[in-house]
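Chain naming follows the written order as A, B, C and D, and within any one chain the residues start at number 1.
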Amino acid sequence: MADLHGFSLPRTPEGRSSLVPSPPWHYAGEMLVIEYWCDPAAAARALPPGIAPHPTDPGRAAALFVDWQSCTTGQDELVDPSRSQYKEFFVVLNGVIGDREVTTCPHIWVDRDFALVRGWIQGFPKKLGSVWMTRTFGLGNLADPGIRSGSRFGATAAANDRRIAEGTVTLEHVSPGGPTHNDPPLVNVRHFPRLAAGHHDDPAVHELVGSRSHTRSVSEIWEGSATLSFSAAPNEEHTAIAPVRVGRGFRLAFAYTVDDLEMVQQVSGRVGG
Amino acid sequence: MADLHGFSLPRTPEGRSSLVPSPPWHYAGEMLVIEYWCDPAAAARALPPGIAPHPTDPGRAAALFVDWQSCTTGQDELVDPSRSQYKEFFVVLNGVIGDREVTTCPHIWVDRDFALVRGWIQGFPKKLGSVWMTRTFGLGNLADPGIRSGSRFGATAAANDRRIAEGTVTLEHVSPGGPTHNDPPLVNVRHFPRLAAGHHDDPAVHELVGSRSHTRSVSEIWEGSATLSFSAAPNEEHTAIAPVRVGRGFRLAFAYTVDDLEMVQQVSGRVGG
Amino acid sequence: MADLHGFSLPRTPEGRSSLVPSPPWHYAGEMLVIEYWCDPAAAARALPPGIAPHPTDPGRAAALFVDWQSCTTGQDELVDPSRSQYKEFFVVLNGVIGDREVTTCPHIWVDRDFALVRGWIQGFPKKLGSVWMTRTFGLGNLADPGIRSGSRFGATAAANDRRIAEGTVTLEHVSPGGPTHNDPPLVNVRHFPRLAAGHHDDPAVHELVGSRSHTRSVSEIWEGSATLSFSAAPNEEHTAIAPVRVGRGFRLAFAYTVDDLEMVQQVSGRVGG
Amino acid sequence: MADLHGFSLPRTPEGRSSLVPSPPWHYAGEMLVIEYWCDPAAAARALPPGIAPHPTDPGRAAALFVDWQSCTTGQDELVDPSRSQYKEFFVVLNGVIGDREVTTCPHIWVDRDFALVRGWIQGFPKKLGSVWMTRTFGLGNLADPGIRSGSRFGATAAANDRRIAEGTVTLEHVSPGGPTHNDPPLVNVRHFPRLAAGHHDDPAVHELVGSRSHTRSVSEIWEGSATLSFSAAPNEEHTAIAPVRVGRGFRLAFAYTVDDLEMVQQVSGRVGG
């Protein structure tokens, strides 16, 4: 009997079925980054054990809406875009591990299955959602904001048929430095539960992990004023870290490659269920 | 009792609910145009009465995949993109009215309601579908084909959970003239049935209409080799006019405004049900 | 040149493509009916010309969530359910034409294209939405409310990624008379606009029409207490006629056939745009 | 700093956000079961290590289409059905572990995120798909097949906008014994990869697990003749185990509760990537 193949389930004779193809994973996309601050106590409660609140800028956070295209080395996915395109909305909170500044992602929604599971493998707590973002086509008519001072870009996110977040960025000028709230490396919790009776609070995988990427490129970045609001849902808690103050917004295109993950801290034993 | 307002249903006290807002409608988008030829006899059968087959290039046709953003004069729709973005796939057949070259659209699928009904108002026989198209972000990594010789763009369309069309364009060079199969003005059949018993073949509206638009702008156009295939579905007939020969493919961005429609020919009396 | 065939667009050589197949249309489904009252002045404003407010029970209305299956005489659609199933949420307002009690539907959302256009042909102002309704399977475990006193059924509707309505019915007993707010015949406005310049307020079709159906059957009806709430959206006005008082809720299955429509009143000339 | 709560990601201060709520999970639904046989050599190749081919009935398999409703003990999910309803299509292959008959699921598609991840926790290799199944409402008009001899039920599955499976069952009579191909206990592979460089073929979790459930109930089962076909997709391999012979089809409603999982065999060390 031959073995089965595939980086993820489903594992099959030919290995073509894996929901998440083997790394490396190449990404390119457009994003809106909106820097904001939430209630510092709420931010502290939302951080996973091992990450402490930001010592000098409490409540520091950012919201990101991204319109992605991704593929593995073979590029057939790019010409069958239902397997390569997805949109996502996520929040990062700023914190520290010792004296190392980090970000962590407490909430994220994407609109495709491969992106959902690829996220779980990296510790992103992805759920399905519906995400939209204003586009520009470089033509500048009334249906095309263009990249220029005064152009307004909006983005929205919904889950389970409820609008959960909306934001806008009104471009002012090329950004000298780009966004900073989302700049520190991402540290997330990889977590895979056990279902065996008596082990529901004893996950098979529960570890702090640090994102690693390379071959990064970025477009010209524009910045401007921003709006951002979160809306409640019965099975969501992102409104606990909703904006109490909104900072600058940024629009950029970005590309990188992911094929590695850093182990920051292995956690063993029971966790709060 | 006050009147109700709205260009389309629903008509309401404030007129904010109309599925299709009042013209003008502004559009901007990216498209792949793939020129092709189908069986000339099938093309002749698919033309509406009033349009004759192309006299010198029988079976001449084009397939278009478009990723659109549209709005009315007020631009709040652009920052709530679920109300302004849609994708569509359609076919045009070439023909003549007298000695005037025209195109007509026998099949079209879109992914949003406002676009579906806005299409019916213009005589586009829109159904819902799912349409995807490869994107570029100008960054040129492995997930971003870029606009350059050798870049490959794909597009797909599905309806009722069946893949109905797929195409690719592999860019070669800037196009000196752009696509020509889709160049003549579109003439479609506006048709709105009656449900009253005895009148099922006596539509309330049945007329040949010609599209009108203005304030058109276009990006640099690239062209290259193309592939195109149609797949059958029990409630679709587009495979009757599937490609027997595929010509050149084109990629461009395009913008225009629509606020008028030309009456070409009013049809009265019974039609084939 | 042969004629084209089809009750609706697209009209094609074989007539298999028509988005809406030729009547008769057969329907069967499960529904929640929630009777309510809205602000009488708002109800009066929302009625189309030709229908006067209910003289003795102002603000009388009902909300209906329906999980439908429909087909034409040939039943191949039933075994390819993406072409035969849909869900919808709608509101009816009670009123009178002369001394004849009627209802009219100012707002309705469905989740499939054929149902959307089939609605427009009957004067239902359908938009796309996402509708959900609790189901029962007759097994009565914790995941199955069953049909019995105390069972709770919920339903929700969303459009453009926003939750727009939610309701629940908690069953108490078999209903002696069934719901009454939605009982009078439906009279809607068939409306199909013109796009020709100068005619945007001069629709091609604008007429009051009365629904006709036959071969109706209904299950045992249960009734009980109900909740109902509407939520706002920038392009919706249903919250103007939101519940100020909620009455009884009902759960039933229902089937009928539609192949006719009554002309109530033809309207000519300009309408409020 | 307080701990975070939740059976799955996202883990949050209140534990309300977990994509998969804590067990027990209660299920109720309607299903079509279609028994079939595939190429025995292909079935043998598709079995995970630890499960041997069925010794006396090679190629034995079943296809199941299920329309589910599920919840945890609290029933608020049932009245917000976007969080409790989902549909799925899956295949089981029959095999043995020693002399114990088992089934295993090589391919499964569902239409909601919570069901996808809840499946991965149990070793079901779920991807997102679109699944439809004919319904009955007990009214028996032309849009309602009813449960009686001659009634025809269909079901379809699609993924990435491609139809991947279709089946029908034409009811003949109440089934004396119900389906048998899917009767032996399910044994699946729980698998959660590592992304750390050098460990892409060294999963964090890779174990054979056996499903456990209780409080099972079942409706009257009907059986009849069946059809079943699979269609290919570039990233799917289910057509390798497509039907070469189709057996009987069954229609039933079914309910159960899951809160446990049996460890069958822990696998350590490298797996074929």
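Assume a residue touches a chain if its C-beta (ideal position, glycine included) is under 8 Å from a C-beta of that chain, and two chains touch if they have at least 3 such contacts.
Everything numeric in this text was worked out from a predicted model, so none of it was measured.
Interface comparison, A-D versus B-D: the higher count of C-beta contacts falls to A-D. Seen from the Cα centre of chain A, the chain whose own Cα centre is farthest off is C. Centroid to centroid, with C-alpha atoms defining each point, chain A and chain B lie 35 Å apart. With centres taken as mean Cα positions, chain D sits 40 Å from chain B. Averaged C-alpha coordinates put the centre of chain A at 30 Å from the centre of chain D. Chain B has residues 80, 82, 130, 132, 156, 161 in contact with two or more other chains.
Only residues 130, 132, 156, 158, 161-163 of chain C touch chain A when the two sit together in their complex. Put simply, chain A touches chain B in their complex at residues 26-30, 67, 69-71, 73, 75, 78-82, 84-85, 130, 132-135, 137-145, 152-156, 166, 168, 215, 217-219, 253-257. The part of chain C that touches chain B in the complex is made up of residues 1-17, 19-20, 22-23, 42, 44-49, 52, 76, 80, 82-83, 106-108, 112-113, 116-117, 120-128, 160-161, 189-197, 200, 204-205, 209, 234-238, 240, 258-263, 271-273.
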